[in-house]
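Presented below are the structures under discussion, each in the form of structure tokens.
In the two complexes below, subunit A is the common chain; its partner is subunit B in one and subunit C in the other.
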Partner chain A sequence: MGFLSQVENVLQIDMMLFLVAGVLYGLIIGILPGLGGSIAMALLIPLTFNLTPEQAIVLLISAYGASNFGGSLTSILINTPGDASNAATAFDGFPLAKKGKAGMAIAAAMVASALGGLIGLIVLDLMIPVARKLILAFSYPEFFMLAIFGLTIIAVVTTGSLFKGLISGLIGLMFAYIGTDPIMGSDRFTFGMDYLWDGIPLLAVIIGMFGITEAFSLFTQNTAIAHDVQVKKGGTWLGIKSVFQNFWLFLRSCFIGIYLGMIPGVGGTVASFMAYGTAVQMAKDKEKFGKGAIEGVIAVEAANDSKEGGNLLPTLAFGIPGGASMAVLIGGLMIHGLTPGPDMLTNNLDITYFLIAAAIVGKIVAMLIGLLLGPKLVFVTKIRGSIMAPAIITVSLVGAYGTDGKFGDIMVALLFGLIGYYMVKYGYSRIALIIALVLGKLMESSYHQTMATFGPEGFVTRPIALTLVILTITSLVWHFIKKIKKKNQIKGELAA
Partner chain B sequence: MTRINEKNVFSIAIFLFGLLIFSATLELRNDIALIPKIMSICLVLFSGWQMVYDLFPGIKERLKKKEKKEQILQNDTVARVEDEREEKEIVKKRYLFIGWMILFISLVYVTSMIWGILISMFLYLKWISGESWKMTVLYSAGVTLFIYLTFVVGFEIYYFL
Partner chain C sequence: MRKTTKILLNVLLVFTFGLTAAGCSSQSTPDKVDSASTYPERNIELVVGYKPGGGFNEWAQAIAPFIEKHLPNKVNVTVRNMPGAGGVIATSHIQKAKPDGYTIGLYDVNGLAPTQLARPDSFDLKKVSWLGTVAVDNNVGSVQAKGTNTAENMLKQEKPKYIVSTRGLASNDSIVGAISLTEMGVKWEPLNHEATSEAVLSVIRGDADILFGSYESQQKYIESGDLKPAIWFGTERNPKYPDVPIPSELGHPEFDQIFDTYKMIGAPPGLPKDVSATLEEAIQKAMDDPEFHKVLDKMDRTPSYLNAKETEERVEKLLNDYSQYTDIVKNLFDKGE
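So, the complex of A and B:
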């Protein structure tokens, strides 16, 4: 395992200070509803400007890892998920808290998250030698098909109207094409604005779409985020023990998380819901789920954190983000001269192993801090929304402006904050827009490169490209068959 | 019957954006414009349909089966009543917040990030949120000091001043 060679470097005093700071920050961000790993990293990036690449990696990856822990705390204690991927934790976590077993649920969530994360990262480490061989087999047609495959995930991640999900994706693609064209390098869709020559700044868009949009919601709600819930003492040991008592469930959920994490665009939300669904389906006593089954908490948290390892594989190996968080991580790495893609597994392999080692140590530190401080950090959720909103706006605008010092970035963040707010309000998908914005350029440039290098037959004559075509079609057809089946089932139930 | 509300304006804006990009592709070389042109046509068609759907809710009713009509009408009435209630209660507040954010970035443009934060936080807390003087001064000064110490002193980002 290559990461073992880098553990020593992570355990240096300066690195550990950054790691603990990142974990504490990630926990706080995770507790704040709506603010997940992508926001945690997006707001941290400006702070990494003067750091070395290694210090920046430690800070970003530990904050990202810890944000999942924080999200599960609010799911359990106040039935308010910190992030969409923690939503399924609330199904059984909150009933457990109502039964006075919050300590047990928190401990189980922390241990399942930490161990799930470790397993995911170890699998990632083991897959790196295979990934290197895969990279050699990957060329422009495969990247094109991979981008298409990532875009089709929009159909899966869109929870409301699929039609509006498609519109959201198309808007994202339109924004992705603003800037320079991939053939001649001349400007297009810039409408005479020099600022747009580099394209729409991804970081400002993400800060706007997530941070500013959430601040909007908090302001309009104008109530304390959390309800009053007492955290009863004890149960920590029971929680830790329950993970090992349900080890096969835990392991199964980890592999669901890793597998789904590898597919670009799927993300933790789908992984955690899939793991929860599998836990219910395979349980002997299905009735107890939703009423306070510790298995429900373990399955969701294991999948939610183990997906990080899977998520990092396409991100590091191909430069294709597995989700919004990974898109932000790519931005953070690029600022420090590290371009995710084949380079990370060849010339920068040490950095890749360092990143994995930092993530693993971060998970362990986050678990320890989470178990010690977790219940005490909940006070943040009791701050009134109207007080939280200006602070989030300030931090968001500082984050957008701090990257390049361009006033236009503030405007973009604000504009996308408004777009994001109305998208949520009228049932459009923010995730679809972000996925399309990230993958749009890759899709277009790899299309032109394929046509120039291999011709149109390149898309269907290469085995991996062909496999990806089949996979894309299968996933779409399967998704729609499932939807139709579900619709018919509901119709049948209603008729009965 | 139709009426102009925020939802319709948002749908129209998406449609116009698609149309703008499509018209811009007409000036580009064919190979450069190929993918953006296809995608913008899709966006114009989809968002156009959504816009018509939002502007003329009657179409929705006509497209559904007869047996569902009553339920849809009932749901639409409930949604309309909710929308109106939302309009009355929240829309003013929302525009106030948007106005404050525009003021914030205008202050950043005219003065600097640090001064922009201090002044806009102060104005927000005292006059929008209606906090006490003590809370207003301490919170706005605290946030500004944190940003100043972290970015200007800590990371020497002087364009914040």
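So, the complex of A and C:
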């Protein structure tokens, strides 16, 4: 636990000022849909030119850490995720808000985030000696099997008609293949539009399918989000408690986050969906998910923040960014003459521990602020639909535009808002579509990469890949056996 | 401590501005027209075709304040990231912008030139009003540091085929690899990745044999001992890597120089002479500014300046050089279909 020696250096008055400023700034950036950690840091970097490297680290890392908290707030309250990795928070967080339990959901999200982040960073600290070996153990066959394992989650998370769930997933895959083909890098299914070269922007789709779809239905029903229930006060304590009541789920999700965050090219969005999927899979009562299960919120938020620890690992060990935000952080550190890479684990180990310490203190401050302010925002769930709907649409579209400043993203968000509206109406699964959209590319590219390097035997001759194959098969078989058993049971009861 | 408070206040300020800018990034409300109303009268936008976090963004962020410093009037030079389609979106945006000197761009000409040859309709680098070059870099082919691959082995084709780690087949890195290996008669196959980081990792793991790219993009991995250079594209060996051969020593002098990579600043076609002169001068002064050199030192980057005329000539030469190898480039694109 080398970072402990650096905690006192973070707890200096000037450092703490930067830290609190960074946290507040990160929270607000996070609340705006579409703007996440990488943009929060990118906007700050020019300001750090005149700071010492330590001050810069504190400012950047605390803003980055806090942006995630903000993102979960909007997911829960208005079904509009702040960032792609917060999307899965909305699956159960928003239904909870509808039941009047937004306060509880927010508190659970904050605590799960903060503790998840802490565990991620502590594990990072412990893994530093073996970091390089661990990262090199993952190659294309493992990526492919991870994607496949993720896709099987569709079967598990779709409630109701499995057939409709599969259709939704296949539509998601079709959208995933628009853009650049992963084998050669040439464009396909772009209808001659430059805009589509980089594929359908995931974030705009998520903002559309959740935020805008929600606004449409609020508008047509003209009711408040939590309309026919009493919004419960004092949910904060219940929320905090729920994390500890589901501690194993929480811990499991943390490790999913750390492992997936560690692998460059897999990324944080996948981590949060996987955590959600396994939470559903391992739960006794699967039916409650998607209708407001606090476990869904805890799993996603824990994975979401613990993945930061994982993300930092390749960044520090190789100088290879674990995700988009880490690429920005590397840029920010290089301006201060700190080149992330093996040097950070040998000559600059103090700075590395300082960074971890700053991230940990930042998380704690963000949690306190979040717990203090978050539950106060619950009032938005009682506002009339005709007022809320236009507000959600505005915020959503600004967010869709703000990510890359592309007008096309607004059109995509609106289009998917409509698609989402009809999917809900006719009982198709939005979650399945999004999971397929997230994993489609990874699955395709890693398949071709495996074929080019290891050949088909790569899937079964490498221990990690083989483990994933077995896990995938068992989880699917188990799922169907249970379903059949349940059917027979019902039949039996009917016969009796 | 006072300085700290000041910086903190600045943070808060930017964060208000940042939010507004993020919301409406088309921005740039004209500042008040000065009585001596000559160019520039309002803020100038420096467009970068990549996301924050890469070499091009870094350079743009670093040089913008110095161009600003050396312009005759007090206006801001702001960096605008317009990622997408490997820089094509930003390039066509600049191509279509008004040639008034308020939109300029930092160009990745090496990546854009082959794209232009393969699909000539979205932009034309020959028509850009070039203002100067800020960085010239050598290309390098790197292999796993602890592996046995060398340029000589590859020429002898010791393995039945060599796997080249690429990042998009239309990218400069892939084209350098494709042209040089094909002309040297080496059998190779591409292994494509979405991002440079994944392509690098693939060579470090030993899944791919070699990776081509600008020295700047590989320097840190070479210095950290994860990668080692196997071929250095230059007219002489790099004194830092005295054992690494250059193409002429491998029998291909024509590749010594044509793969140099550039970071060039340009503006929309038809930029008025006086405006381009003002901008060119500001860029030149920025490049000579010792303060700017200090910033670059910190970032471990080396500036190399070429004026507007030289820049234009280099672009022309680059396009000609690449078009010599159109067949190989086309082949590469065709493989995708």
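Throughout what follows, the second predicted complex is superposed on the first by the 271 of 496 C-alpha atoms of A that agree within 3 Å, B and C clash if a C-alpha of one lies under 4 Å from a C-alpha of the other, contacts with A are read in each partner's own complex, and residues count from 1 in each chain.
FYI, a contact is a pair of C-beta atoms (placed from the backbone, for glycine too) under 8 Å apart; a residue touches a chain by one contact, two chains touch by 3 or more.
Predicted model only: the values in this text are computed from it and were never measured.
With both structures placed on the common chain, the touch criterion links A:402 to subunit B and to subunit C. Applying the stated contact rule after C-alpha superposition, one finds that A:372 touches neither subunit B nor subunit C. After overlaying the two complexes on the shared chain, residue contacts for A:46 are found with subunit B and with subunit C alike. After overlaying the two complexes on the shared chain, residue contacts for A:470 are found with neither subunit B nor subunit C.
When the shared chain is aligned, subunit B and subunit C each come close enough to touch A:181.
Applying the stated contact rule after C-alpha superposition, one finds that A:484 touches neither subunit B nor subunit C. By the document's definition of touching, of the two partners only subunit C reaches A:18; subunit B does not. Among subunit B and subunit C, the chain that touches a larger number of residues in subunit A is C. Touching of subunit A by both subunit B and subunit C, each in its own complex, is seen for residues 46-47, 50, 181, 183-184, 186, 398, 401-402, 405, 448. Of all the residues in subunit C, the ones that touch subunit A in their complex are 1, 3-5, 7-8, 10-12, 14-15, 18-19, 21-23, 25-26, 51-54, 57-58, 61-62, 80-86, 88-89, 92, 122, 163, 166-171, 174, 189-195, 197-198, 200-202, 204-205, 207-208, 220-221, 223-226, 295, 298-300, 332-333, 335-337. Those residues of subunit A whose C-beta lies close enough to touch subunit B in the complex are 46-47, 49-50, 163-164, 166-167, 170-171, 173-174, 177, 181, 183-184, 186, 188-189, 191, 212, 216, 219-220, 222, 386-387, 389-391, 393-394, 397-398, 401-402, 405, 407, 410-411, 414, 417-418, 422, 425-426, 443-444, 447-448. Residues 6-7, 10-11, 14, 17-18, 21, 24, 28-29, 31-33, 35-36, 39-40, 42-43, 46-47, 50, 90, 93-94, 97-98, 101-102, 104-105, 108-109, 113, 117, 120-121, 124-125, 128-129, 131, 139, 143, 147, 150-151, 155-157, 159-160 of subunit B are the ones touching subunit A in the complex. Within the complex formed with subunit C, the subunit A residues making contact are 14, 17-18, 21-22, 25, 28-29, 32, 35, 38-39, 42-47, 50-51, 55, 59, 135-136, 139-140, 180-187, 194-195, 197-198, 264-265, 314, 318-321, 324, 327-328, 330-331, 334-337, 339, 341-343, 398, 401-402, 404-406, 441, 445, 448-449, 452-454.
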